[in-house]
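Notes to accompany the following structure.
Going in written order, the chains are labelled A, B, C and D, and every chain counts its residues from 1.
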């Protein structure tokens, strides 16, 4: 069975084992409320992680997602406090913030051939600054964190039945993106770009276009997450989401999308985010020092990746052996 | 009769193609034609102009003059890779250009995936079935849903071919396709080629393996020094003849150089029954001081693998090596300390550090000379670089220039130079003159001669027969990982070596 | 290409950074008169010394083609460890610092081994390290903002003065000189560059890439530890989140300094200049009393400009690339 | 007069809680969620709360560290709510951001006591040191100290951090009202950070050959400013004021490095919160029309009166 499937099953298995243990230790774990907030937490990161997965598939990286969240949130509160444009109109507009940021990243990456990491790091700083600049100020010029009351907007933080809307959107987005990646030419082109850019170009793929696309999509996802975050918190702060990129990367990596590009898919990321959320929630539940959390997460990342690398080497070794065996049998007949 | 063949059933026509890379003329007035559904072998020694002709046909480079028709339509001087692809010319690259992590079907249909009529979504079901149909039509043991990563080289090659077929190519160019295949896999490939032929697809086949050329081709075009020296019809084809044509009159001219002689100087390297699974086996030879031991054989015959093992890059399974009389278990660092030098096969990938200055490139292998308790004396290093530069008169002679900015020849000189300035006992050289101009070649040859005169032993791996024969004092010919023949005395002709490497040996030595 | 041309180009490349720095200083002097005063300049050096110190070792990660995101966490952790040793375990100062340094070396060793022997991308490894080192720091300090009351010797490291200049500046300059020397003049430096430039050819020249890389990571977190000690003593405080984000400042400085993240090139002095530049910009914005929001903004823009300049990209070059695109495969 | 103030505080508490030292019949799960447990202030609160609860025989409280991130704090609130805590003592990182969570908790019948920062939603109680008031008090005293005319600078908290902003507003307003001849020449954000404060104070000192006063909106940054001023040898000419009154700063006041700070007895503040908590839990009230606000007037600690803050109430 393919590596990816196996590791995924193992991860899911672990997920339920840990979940089981937790529900034993802490009665409050398996309550509807807790599960729903756990999902809400996961979805919050997950939406961003989906976009980030595409970036990783092109063997790139996007450090600017956190700052995009901040800027988008600021754009929204500006609309809310200075205009009477209805939420359903300006929210789509504010989603363009992320797309624009992605465009910016894509431009510097493709046209100047600059390393993705440093470009997005730079735009991270720029966007963080912009967020502060455009933040809503009070009479004395101090940034005031607007308390959002627009019911439509707050609706995004709400639930359908017991399930938070963000969760539903997350799952929906996951389905769509997965479908998109597997069932459209653009999707396959993105995979090709990440796996072997030169080969892709030989086959007539415009790799630059793929790169532009993934960064714009990643920005879009971050913006989307920003809407839900601010709706849930009923406010928007210029430092929203900054620093959250590490969480996202962790989720995607645990989900099994490697940095080498060309492979990985959305389901892995979904599992990764759920797993991460579970760990965090669990550590809160156990009532042990919250500082264990980063240690555990850091540990998990290392273990998961090391195991991945090992397994990959192991599998390749097997197939090579198989081929060699065939060659040997052939030689025996041919060689003098 | 093909000579009077109507234009219509000619797939590709090239007339008086001339190409010169600023200065040396690589192709002069080459006429070349292919019929539909024929397997046409293009043979010639390294540097005869084969690859240039291919590049021109596939639009990688543009010809200086001459005309080209494909399926009756003229192709202008301004030709491009993309254009040639859309025309239906496909190349099976040696460095395979498949997308890993994707299925066979995905690779076959990359950028032209079948989509639903209703919506612009890929119809995976249909894609797989189409792919499978294609595969089955040629009866490969492949599944459309196999992931590329799991396939053997041969299988990947077949996918490449299928890809060409799927893009409705009417001319498929294969450059040394069997170099990395086992003989059974090759046999398989020939089957495919025949089937392509039956489909009416032209196959332009480039190979050094005479027996292949002999079995497969309907016609053979022989290039020599950028001229089309002969086009042989099926019935005229025979390996010996082809080899003669490839080498031409140069036989007599160079005879003097070809005399081999056993050396009885002290033994520098004594290799006994060296074996490495699937690479080489039963390799035994002695290398004497001042000897230039040529290692011939076709690409993939295990030449490179052996020298790598001797230098200590790859491990070997069994056998023993004695260096200067002492048992020797090679690893790179100690090899260098012990007086080895190694000039690898792919300059850009293995030889040079393009971004780094000459001094840096030369310095890195001579740290043991330039260092004093962990510190590097920049002065000594610069001196070494200067010495190398003047020894090989590297141009430009400024040691600060990044090596990446030098010409191929001078890059190679840097690679050689960093060893030359050491007191070497044994220099291992793998394809030293690939892609460098005549002048630089000659200078390198003289250098090697000087070295051997100074008592340095040289192991020379080369596919360039004149080179191999004219420099070596003794030649081992490899075939499928074994030494098939040794030329230790008397006159050796390129013909002999070619025959040996193609397995056309009466009573092969050992 | 002609020797002269290439020499000229490389000279320009070498000094381009200096020119940019001078330009920046000129601009800042025009904008605020008190910028160009010894006091202020020494203050800027003082304020960049933590980043400056980190750069001296960090640079070996990118030079060998890697990266180390764990330096920030490492710094704050080392401050905490040093404090625990000195004020809880009452270990003598010198020994305490030595042990702390030892811990840093250990972390670097782990990072190095995991990246090289297990072939895990350094980005992930060091990101994980960043995460769990922060956790350890929180755990050890129990999340406290520890005010370090002593020993006096420790406190002078950060705030003490020598010939009118704060001691950290000397530490930074000495380490920079040492690191510059290490990179340019020693066997290790040569090997590091070779590994970054072309691992295969380095191997064929008898260099052990893994060993070189491991040492690179040891140097990186080693200097991060020193920076942490300076930080702790300068602020008389040990607090886990203090080092957060420093890794990005360091990367910024190094990249502005003309070191490629792809490996094979590196300039320690350049990195220091890069750090000082960022310091100047922030200092300038402070002097002009610009609101906080401009600091990240300006820094970000400066990174991009520096990157493009370091690539030697010019407007015509960009245009050419544009038109090159036009007939690219569609 | 300041002594009386301290007494006044104690008095207020005594009146407030008649049944403070009754042994508890039952114990409750009480959650403590400060902005971050890492600050001296939040630690002191924790200690104060804990002791008071222990005294009343209640189980010690569970505290979590939101590490200064509002998002984290919100999700931790959710966790407390899901775990069915009986009461939550919260120091909102942002008034608006935590309002939703507080609403949620109160809706679930979990009383919330906020510390220092009130939220927009009515809840059980808010025990607060008076940021705005104390800020203006600092201005008042500093103004007097520098003789009603001169130049002062402010070391700010991150934009949007309400506690800091309130302090700054109070300071600015009073300066403008009482001392028109005192000019506020600069204000920079040091992100609550000591090392950043050093750099910023340095630039202040460079930019202003005459600088008479600096107000850092927390003690951390005040200490940083002191380091810079001392290094520049201008400690004497600059009046450096902090805020909170953590132990290390009180020491520096005694050493004459920091001029003064707005001290609040955080232990006591915590204790008050705890006693309020026990009271409401015993009473079993679940719904509150309006937030009951307990404001603790600050104690302006300077070198003259810092002695009155006895070691047992230093944190």
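Brief remarks follow.
Simple rule for what comes next: a contact is a pair of C-beta atoms (placed from the backbone, for glycine too) under 8 Å apart; a residue touches a chain by one contact, two chains touch by 3 or more.
Please read all numbers here as calculations on a predicted model, not as lab measurements.
Seen from the Cα centre of chain C, the chain whose own Cα centre is farthest off is B.
Averaging Cα coordinates per chain places chain A and chain D 37 Å apart. Inter-chain spacing, taken between the CA centroids of chain B and chain D, is 76 Å. Centroids built from CA atoms put chain C at 45 Å from chain B. In chain D, the residues touching two or more other chains are 65, 158-159.
Annotation for chain A: residues 132, 135, 204-205, 238, 243, 291 touch two or more other chains.
Residue positions 81-82 of chain B are each in touch with at least two other chains.
In summary, the structure contains touching chain pairs A-B, A-C, A-D, B-C, C-D. Those residues of chain D whose C-beta lies close enough to touch chain C in the complex are 36-40, 43, 65, 67-68, 156, 158-159, 185-189, 193-195, 198-200, 202-207, 209, 220, 223-224, 227, 230-232, 247-248.
Residues of chain A that touch chain D in their complex: 26, 28, 31, 33-34, 37, 40-41, 132, 135, 140, 142-148, 157, 229, 232-235, 237-241, 243-244, 281, 284-285, 287, 290-291. Interface residues of chain C, counted against chain B in their complex, comprise 1-3, 6-7, 10, 184-191, 193-194, 197-198, 200-208, 264-265, 327, 329. Against chain C, in their complex, chain B makes its touches with residues 80-82, 311, 313, 332-333, 335-337, 342, 344, 349-356, 360, 363-365, 367, 371, 374-376, 378, 396-398, 400-402, 405, 418.
Remark: chain A residues 2, 179, 182-185, 188-189, 191-192, 195-196, 198-200, 202-205, 262-263, 316, 319, 323-324, 326-328, 330-331, 334-336 touch chain B in the complex.
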